[in-house]
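Structures follow.
After this come two complexes, each holding subunit A, first together with subunit B and then together with subunit C.
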Partner chain A sequence: MRGEPIIEVDGLVKRYGQLVAVDAVSFVVNEGEIFGLLGPNGAGKTTTISVLSCLTPPTAGTAKIAGLDVTRNSLAARSKIGVVPQEIALYPTLTARDNLVFWGRMYGVPERTLAERIDELLSVVQLAERAGGRIDTFSGGMKRRINIAAGLIHRPDVLFLDEPTVGIDPQTRRSILDLVKDLNASGLTVLYTTHYLEEAEFLCDRVGIMDEGKMLAIGTRAELTTSIGATTSIDVRADGLDDSIVDWLSSLEQVTDVARDGDDLTINTTAEANLLPVIVERLAAGGAKVHSVDVKVPNLESVFLHLTGKSLRDEGDQDAAATKTNALHG
Partner chain B sequence: MMKALHIAIKDLRIRIRDRNTLVLMLLLPIGLTAIIGFAFGGDSGISSIGVALVGPEDGDLLTNAAAGLLSQVELFDAEVTTEDEAREAVASGRKSAAIVLPEGLIDAVLEGAPAEIAVLQDPASGIKARIVETMVERFATSASAGGIVGRAIFDAVEAERPITEAERWQLTGWMFQWMYETWSEPAIAIEEAEAETRDVDVHSYFAPSFAVLFLLFTMLASAKTIHEERESGTYGRLMASPVGRSTFIAGKLMGSYALAAVQVLLLIVLGSLLFGIDWGSHPVAVIVMALVTAAGAASLAIVIASVARTARQTDNVGTAFILMMSLLGGSMWPIEQAPASFQNVARFTFNYWAHSGFKKLVFYDAGLAGISQEILIILAMSIVFFGASVLLLSRRQVLT
Partner chain C sequence: MKKILVIIAHNLRLIAADRSTLFWLLAMPIAFTFVLGLAFSGGGGGGGSTDPVRYGLTVANLDRGPQGEALLAAIEAAGKIDLLPIDGADAGDTALELVQKGDRSAALVIPPDYSERLARRERVTLTFHRNPERMNPYVTRQAIDEVLTRLRAEGTAGIGARTAYAELRGEPPPELAERLSSRASAYVAENWDPPSVTVAAERLGRTAGSDVPSMGFNHSSPAMALMYVLLNGLMMSIALVDERRERTLARLFTTPVARSSIIVANLGWRFVIGMLQMWILIAFGGLALGVDWGDSPVGLVLVTVTYVAAVAGLSVLLGSISRSSRQAQSAALVLSLTMCALGGLWWPLEITPKLYQAAGHAVPTGWAMDAMHNLVSRGYSLAGVAPQALVLALFAIGFTVAATLTFRHE
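Take a look at the complex of A and B:
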């Protein structure tokens, strides 16, 4: 938690006929946070953002932006948010600058400051030299960046990003995630929807996990993994291991389980970061020669699997997720 | 209001940068007008009409008289032939029409008996053949009048004494001279010939027709952007900004209307420059007619878009509707040749009234008062279309 609540959603329901797209969802986003809505397609993430963006009224419940009810104070609430939709919502035959001028005028940005603001944004998204280029001549990544710039033209309090990295290459994805990080570092609150686990883990201070219209859990990654009892697994391969090391490890409070199989040692712990140097030091002191250490940190996939009984990645997402992991850590 | 204006300006910039729009707006109507003009006899209207004249075997006097009558009008290029040659000339398109005078026509005229003058027409020479038909109708009318006068003279003389054969021929010759002079009476004939020359100027007729037709297509393309914005996500982005739906619709209408006005006014100017079309001596009336027509077309296109649910549906439904209405309303052919019942149906179309207004400006040099009926009807249509589109867009939630 950083600042005061800036988004407050309470018991939000959205029905389309018999279909319940969002089912009694509640959450709070604080100023300065990057809050992620994580879930598979059809989980209700985009519908939630649509209600918060005043694009569709809720069936029940309330949603507030900076204290403004999105139903009763729609126009005022809209001026507080910047929306970056999943699609490239720009005019392809207009230039980048013309697009930003248009969106600036729609948000009522004063003409005297608009040009300056556009120059600043083009610089932030690193497209200042392409200001006069038509959008339909831009690469996918450049379009995405202008799409984000259009959502920032009026200096919103909160930026909604709805799956902004779907269908783009790893390099562009990385640049967009870095941009979001930078924007957040400058104080911007971000509500980010994604069905990519790695993005949520990389970007978000807190994550709300959604499935079938319901909010299943909310918290930091550590809070979420702890809540399901998931532990970090440390696999060590070393010469000269003996049972005394197993006994010593078993006596540690943070260690939940230890198993030795010849030169292989597996330790499950709730405190991977603190424990690893201690283990390595103890092994060395005992005369063991460490060949390799492999740390398996519990992730949101484990949490999602635990909460829903199914994997967040379907078959079609496997490759995309793999390339994304490379992009995030590359 | 300013946001609606910015939406309109944005739309105009997008449309003007689109080459397809320029083709639809200007090149197609001008190109089609030029092609139709050439097809119907060049770029200055109809300069010559070939006519084959077939007389009865014993009627040299009548045939020569008819040929003489036709030669009074410079427009006609008359040639006396046999009936077979005449049919072949018309069928091959060398002659626009053939006039076949029946046996015993003189006697029938003098005795007041029924007689038929046949006009064979080349189907491809619609307007030219129609002119020939009109001339024959006038000739028949003069002949009937002459016959009545002749019979009255014969009856008066025969009441006193029998008429000799020489007197009969002398009287018949005098009667033909009277018909000839009546038919070709210089003061009226010259005046009418000038009026008809304006009437058959193909460019003047079709330029406004095609302008209205392609104005509707341009407006359809413009109205379609309502759905394109929804499908591309820009509408959603607009609705997530402090812009109301009514502002969006107002902006769209303003943009469409401005584009329509520019198109009509440009086509009027280009029609004058390229085809020498004389739009009359009332420029204010021309401008008002252009602006009212633009309003009608813009609101009609918006109502089509608001009935449709997607951009593609707008295209398909709109194109079919516009083509049907243009056929009915006379944007593709001279509706004046249609039966009265058809023209009554045509009165329900926007095209009919738009074309009627421009026709009055061009052919009758009408002022504002002369086209007031057309202006009022198109304005009424615009209000109805606009109201319907606002209702449909809001009630049917086309945009959500």
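Take a look at the complex of A and C:
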């Protein structure tokens, strides 16, 4: 946690008739954080952001932005937030600059500073040269960046990003994620919804995992994996393994389980990186010849699987997720 | 307030950027004003074609003498009426039946003793049957009266010539008396001219509600202005659906702008466009087509303001309840065309049956067209259009309240 709480959600409920879209959700986001809401489609992420954006009133519970209740102090709360919806919410026949002028005026940005602010933002999103271009002539990625710029025009305290990378190419996705990182580095608090595990892991300081309207867990990645008892799995293939190495590994405090199957050795440990050199050194000392080592670190997928009994990837587009992994690490 | 104006200006800019806007806002209504105006011209007032329109008149000439034929010849020669004669002993009854059944709009029955009574210089009554729901009888009756007036003047001139001769030189011999009479009548016939003395009627109040309004451009110009303001206004409901679909409306709701301001702005820009269109078409009607928009500019402003406000409210309501652009477009077309037909924009309500007239007053167009006829054709003052303006204002309030209740961003 970094600063003071800037988003406070307590017992939030949103019903549409019989459907409970958000079910008693509570969480706090602190100043300067990137907080992720992770969950499959229909988990209640967008509904939660809609309530926080003052688009829809809660059925029960409270939500505050910078201490302002979104129901009772709606207009004041709205002036504190910037909202980047999942869709490109821009006027296609207007230029990028004209769109930003309009949204700036809607946020009450003074005319004397508006032009300067727009130039600055167009630079940030690397579209200064296309300021006079009509939105309907832009590529998908360019539209996304202007969409984000429109949410930043009034220098909000908090930026809501609702699945901003859905349906875009890996390169554009990477540039948007980098942009979010940069904005956060400059002090902006970000509430980011996604159903992509890799994005949540790459971007977010803390993650709230949602499913079927409920908040299942909140924490850093380490806190979440630890909370479910997930361990790092080290798979070793080597010649010359014997039972003495199994006995030795079993005696280590950080090792929770060891199994040997011929030349294959599987070690589960709560330690991630520091145990690996020790194991390799011990194997070499015992005369074993190591062919391969594969380390499987627990991730949010493990947490989601543990909490819901289903894979998050099953809920979304696996191909897209695979592409995204390349974008994040490539 | 500033943000409302910004949203209004923003939407006006979006509309103006659409190249088809001028075509639908101005070119089409002007073209249809011409077409409809020409189609109805000649029926009274408001310019139009210089070729006289001829109306059909059923005639049953039962006269045994020559005067009946002379009268019909004179009527036909006047150039306004095409005679549709009925022969036979029961021609009078046939003519009455045709008018009663609505197959003919009017019929003139000349009695059997017409010539004899004229010869005896006795008063004669011609029977004129008319269908009260048709407009033609007013014109044909007027034409008959004009001919009768001229014939009477010719006869009176003949009598006058003989009388004058008798006073100056004594009773003329029969042959001379006949020459004097026919010469005087011929002089009147040759030199017949509309009266040089006219009565200027000052219109101080309502005329009867059943008065048939002027036709020609006096009808088409206000009618097409009302029609296209309605059509374009309702078509602009699509913009609201598009704003919802493109999520720009939802984004607007996340800015520090009150819901009420967003609704007012949506009503406002539609009102501005409607008023601009209305007054450009009114100016065109006045300057290019010679339409006299009456003696009450305040009344005209009041009627246009309340009508356009009603259209703007209905447009936002339609945009709020429509689920797709296609649905909004279809509804706009059906609603506007139905209201135009019902409201008497394509033909005067006064020539339609009573039930139709009642239905016409269930929609704003009927009241607006009433008010326009009162201003343009009947020359009413502000008080003469205040009731219609009040009803239009109630329509505007009703539509606006419904639009406010149904307005949504998703």
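Assume the second predicted complex is superposed on the first by the 324 of 330 C-alpha atoms of A that agree within 3 Å, B and C clash if a C-alpha of one lies under 4 Å from a C-alpha of the other, contacts with A are read in each partner's own complex, and residues count from 1 in each chain.
Here is the rule we use: a residue touches a chain if its C-beta (ideal position, glycine included) is under 8 Å from a C-beta of that chain, and two chains touch if they have at least 3 such contacts.
Predicted model only: the values in this text are computed from it and were never measured.
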| item | value |
| --- | --- |
| Superposition on subunit A - do subunit B and subunit C clash or fit | clash |
| A:53 touches, of subunit B and subunit C: first, second, both or neither? | both |
| Which of subunit B and subunit C A:108 touches, first, second, both or neither | both |
| Overlap of the subunit B and subunit C footprints on subunit A, listed as residue numbers | 53-55, 75-76, 78-79, 81, 83, 85, 87-91, 93-94, 102-103, 105-108, 150 |
| Subunit B partner contacts - residues on subunit A that touch it in the complex | 53-56, 75-76, 78-79, 81, 83, 85-91, 93-94, 98, 102-103, 105-108, 150 |
| In the complex with subunit A, residue positions of subunit B that touch it | 2-3, 6, 10, 13-14, 17-18, 232-234, 236-244, 400 |
| Subunit C contact footprint on subunit A (complex, rising order) | 53-55, 75-76, 78-79, 81, 83, 85, 87-94, 102-103, 105-108, 150 |
| Residue numbers on subunit C that touch subunit A, as the complex places them | 3, 6-7, 10, 14, 17, 246-248, 250-258, 409-410 |
